[in-house]
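This is the structure I want to talk about, given as structure tokens.
When the chains are written out, they are named A, B, C and D in that same order, and each has its own residue count from 1.
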């Protein structure tokens, strides 16, 4: 009981929980779910992008896209290590992912159909991730907060590069401008849905807020994101697919139609357009790589690292 | 001995040897080698062509190419059946092919690099095959002679379709005409080499001629082919890659530089540009299809065919 | 794009994409008889595609012939169902696609062969005969694989499970247009033989549930863009050339 | 195409095609560390390709930039060696290619970093550092796979045997051009570390024999056309567009 009091005092004082500190089971579980979902999203999120590496229309765009995917693999590594501070292994986390017991962000289950999707995906979903993660940088768990500082910096770079892809399209041929319009129309709602369920449908959210794992409610972050996107969409000359979207001077915010949360729940549950494809791809890569990982382990066992010096 | 005399009399009278007839071991072996090589060439020869089915530049060309490949698979079936009349099984023949103990025509070991190769391959190598097979239609083994009549008719159709592809290119853009020139330059000698070694380097050939398995010497057929091609090349406006090629009024034939027979021997021995690729592809298809063939056999064993009537 | 042109275009795109996939088996089928059979099916499908796309181009009236439609449209302009574009990683997947799609095509073409639109009726009458053969072929293989070895049963069941969700899109209603047949009315007639064959092949008929869709409105799977890159590359690399 | 432009173009094409192949591993590497490492190597190679192709375009003087060279040339105009275009069916093949090609590139770039041609020397000096890392990485994996499990040994040996014949083309003589280094002189220096690593990895060094060639003159393997279709499709589908 003394431990719980100390823990709650630390949270209340906006202090950081560290791996060696005592923490309530519920806190550990909520945190692990959050970090695991974040890590899984980084590695699953590579798939819709790698779909376009081979076909990127200029070498510079190809390089930027490969660098982005590399960053995501790096974030994945970093976040799996962060999760490991909670006493689990990366192997276990991957098993949970492959078995479908842990989740990743739902937008990853939509397909990238044209080159413009690469831009829209980065502009909107990385943009949403930045809004989310900037807030999460003040999370109460120290290792996660520190990981997020680095992740955030790179995500915000990706977000800008996505905008840049779209900007080039917006100044391009009619086919390119149509590609832009179409992609933004398809990615707008998957991005809005990234902030999760609204207050009245989300029970976990309150607890995460109380423990300061999360620092802002879903709806507040979603509004912040919409307010950021609208002027950017104007620069792109692209219409966001929401006839209700307009400035509300009283609220000082844009009004908008919320995402279809039933669709979000269906996609999270596994019935998005690409869930099966993404999971099959991920499992196949893992299974086909098994002999390589076994070889590395066998080699390491035969050849213990030379002592330093 | 009486049997050998009867056999030789039959051959001398231009009669047909049938499966139930007695035949010398050497005859059977030479025949089997010939028919097996022919059958293997049909199925291996599909590979350089299927390489372009997916990319054929019009739907009509795609359809013609698929039909050609289908014909070749059909010829393969037909010729394996013909070989089976000599007391072997298709399974054994395929094993011999996969083990590299039986050969297929060497031109198949060159790559198809552009769409024009599809035309050049058909015009030249099917053209050469027709010259060869028209002569073989009078072969002394009855089942093979009858198979060849049908094969020949289709090959000659393929030959004309190849010419038609090239004719379209010859009337096309500069890039298409360059594609035509390049493809003909690369396929001319592999086609000439299809007639095999010249008299002074080919020992088997004499025996096959004596037994009337083959009906004309390699050099005679090669000359016939050159004489047919030159005027066709003129219609295409394409130069054949041989500066020595010219009409010889005394011989009543075109003079030409023969193929590099050392290269032919190297390619037959396994060191052509694509031997390894072709064999690996063939073996992979066979291995990956094993479970399907096993399933068909298991099903057939469980469900013996209903009796007729 | 409702109306007859869109209807015919959708059927033409189905056949074109199915042909492109089936033809990928050429020279790598499990046995030589199957090289012949699959090439034959690919040819039939391609023939249907050519007839339908030519007709769609005429109906559209923009001067696009079969090749303009096949080779110069972008991914979002293709109207085929997603089922036909699924990659054929395994022969069992090919068989499952061929069964589900073949029975569907056969029912639809049979119905269309008495269409008031004479041109469409003619194309459909020929195609109905072809798809009867495709269906027979697929049934034979479904039985062999489903009721063959333990390994083939496992693969065939996995293929049926994988492809089944994509069959729902086949029966999406099409706005009524004179001369067309609304596929929405065909599902009952489709289920009957399909379920019978699955049962005879000792295969479990999957639950209905997830029903991916969008192909008829130009939303495809990620595999489709790669298929198009292969299909269109040479044509696109030489704009305006004649072949 | 002898002369400096052809030389630089050949090296640029090598790097471009190698980058395209290595990048195919993104999101499907055997472990996450390898996703990072292979993406990094692909990026280095692509950076080399861009610098070299830009320079080749300037030397050529026809107004073609890196993208014009990468996206609008036809197969027969590419000057890369065949080794880099071989399909990476197996991770062991990737490792073998990376080892053989990495050591070659490292030797060549190191020598070129003191080229009299300042531009080429600059590109090479940066690339020499990068390829040192690529080589280390490939050596590590060659040892792990060669001296790992029985299965990995078998696969790695098969990969070495498969790729080895294509290494001969790396050392084909290049007609003397000021500022260039003739790769023909580098085979001895290449064999030494390669043979040492193979030995340490308990792998058999293949016999020299078959030596396929032609890439530098535009004769490629059949796999290359499919790689180009993927690489160039979008660019070709929108002629003249800016991205």
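Going forward, a residue touches a chain if its C-beta (ideal position, glycine included) is under 8 Å from a C-beta of that chain, and two chains touch if they have at least 3 such contacts.
No experiment lies behind these values; they were computed from the predicted model shown.
Undergrad: Going by the contact rule set out at the top, which chains touch both chain A and chain B?
TA: Where chain A and chain B share a partner, that partner set is C, D.
Undergrad: Comparing the two chain pairs, does B-C have more C-beta contacts than B-D, or is it the other way round?
TA: So, comparing the two chain pairs, more contacts are at B-C.
Undergrad: Greatest Cα-centroid separation from chain A: which chain?
TA: B
Undergrad: In whole angstrom, how far does the Cα centroid of chain A sit from the Cα centroid of chain D?
TA: One centre to the other, that is 34 Å.
Undergrad: Could you tell me the distance, in whole angstrom, between the mean C-alpha positions of chain C and chain D?
TA: The separation of the two C-alpha centroids amounts to 40 Å.
Undergrad: Can you pull out the residues of chain A that are in contact with at least two other chains?
TA: Chain A, residues with two or more chain partners: 55, 175.
Undergrad: Identify all positions of chain D at which a residue touches two or more other chains, and write them in rising order.
TA: Only 74, 229-230, 233 qualify.
Undergrad: What topology does the chain contact graph adopt: line, ring, star, complete, or other?
TA: other
Undergrad: According to the definition of touch, which chains form touching pairs?
TA: A-C, A-D, B-C, B-D, C-D
Undergrad: What residues of chain C sit close enough to touch chain D in their complex?
TA: 74, 226, 228-230, 232-233, 236-237, 239
Undergrad: Would you tell me which residues of chain D are touching chain B in their complex?
TA: Checking each residue of chain D against chain B gives 74-76, 162, 209-210, 212, 214, 219-222, 225, 229.
Undergrad: Would you pull the chain B residues touching chain D in the complex into a rising list?
TA: Per the touch definition, chain B meets chain D at residues 48, 51, 55, 111-114, 175, 182, 270-271, 273-274, 276-277.
Undergrad: Chain D touches which residues of chain A in the complex?
TA: It is residues 43, 46-47, 49-50, 53-63, 66-67, 69-70, 73-74, 76-77, 80, 90, 115, 165, 168-169, 171-173, 175-176, 281, 284-285, 288-300, 302-303 of chain A that touch chain D.
Undergrad: Can you tell me which positions in chain D touch chain A when the two form their complex?
TA: Within the complex, chain D touches chain A at residues 16, 20, 23-24, 26-36, 39-40, 42-43, 46-47, 49-50, 53, 66-67, 70-71, 91, 143-145, 147-149, 151-152, 155, 230-231, 233-235, 238, 240-243.
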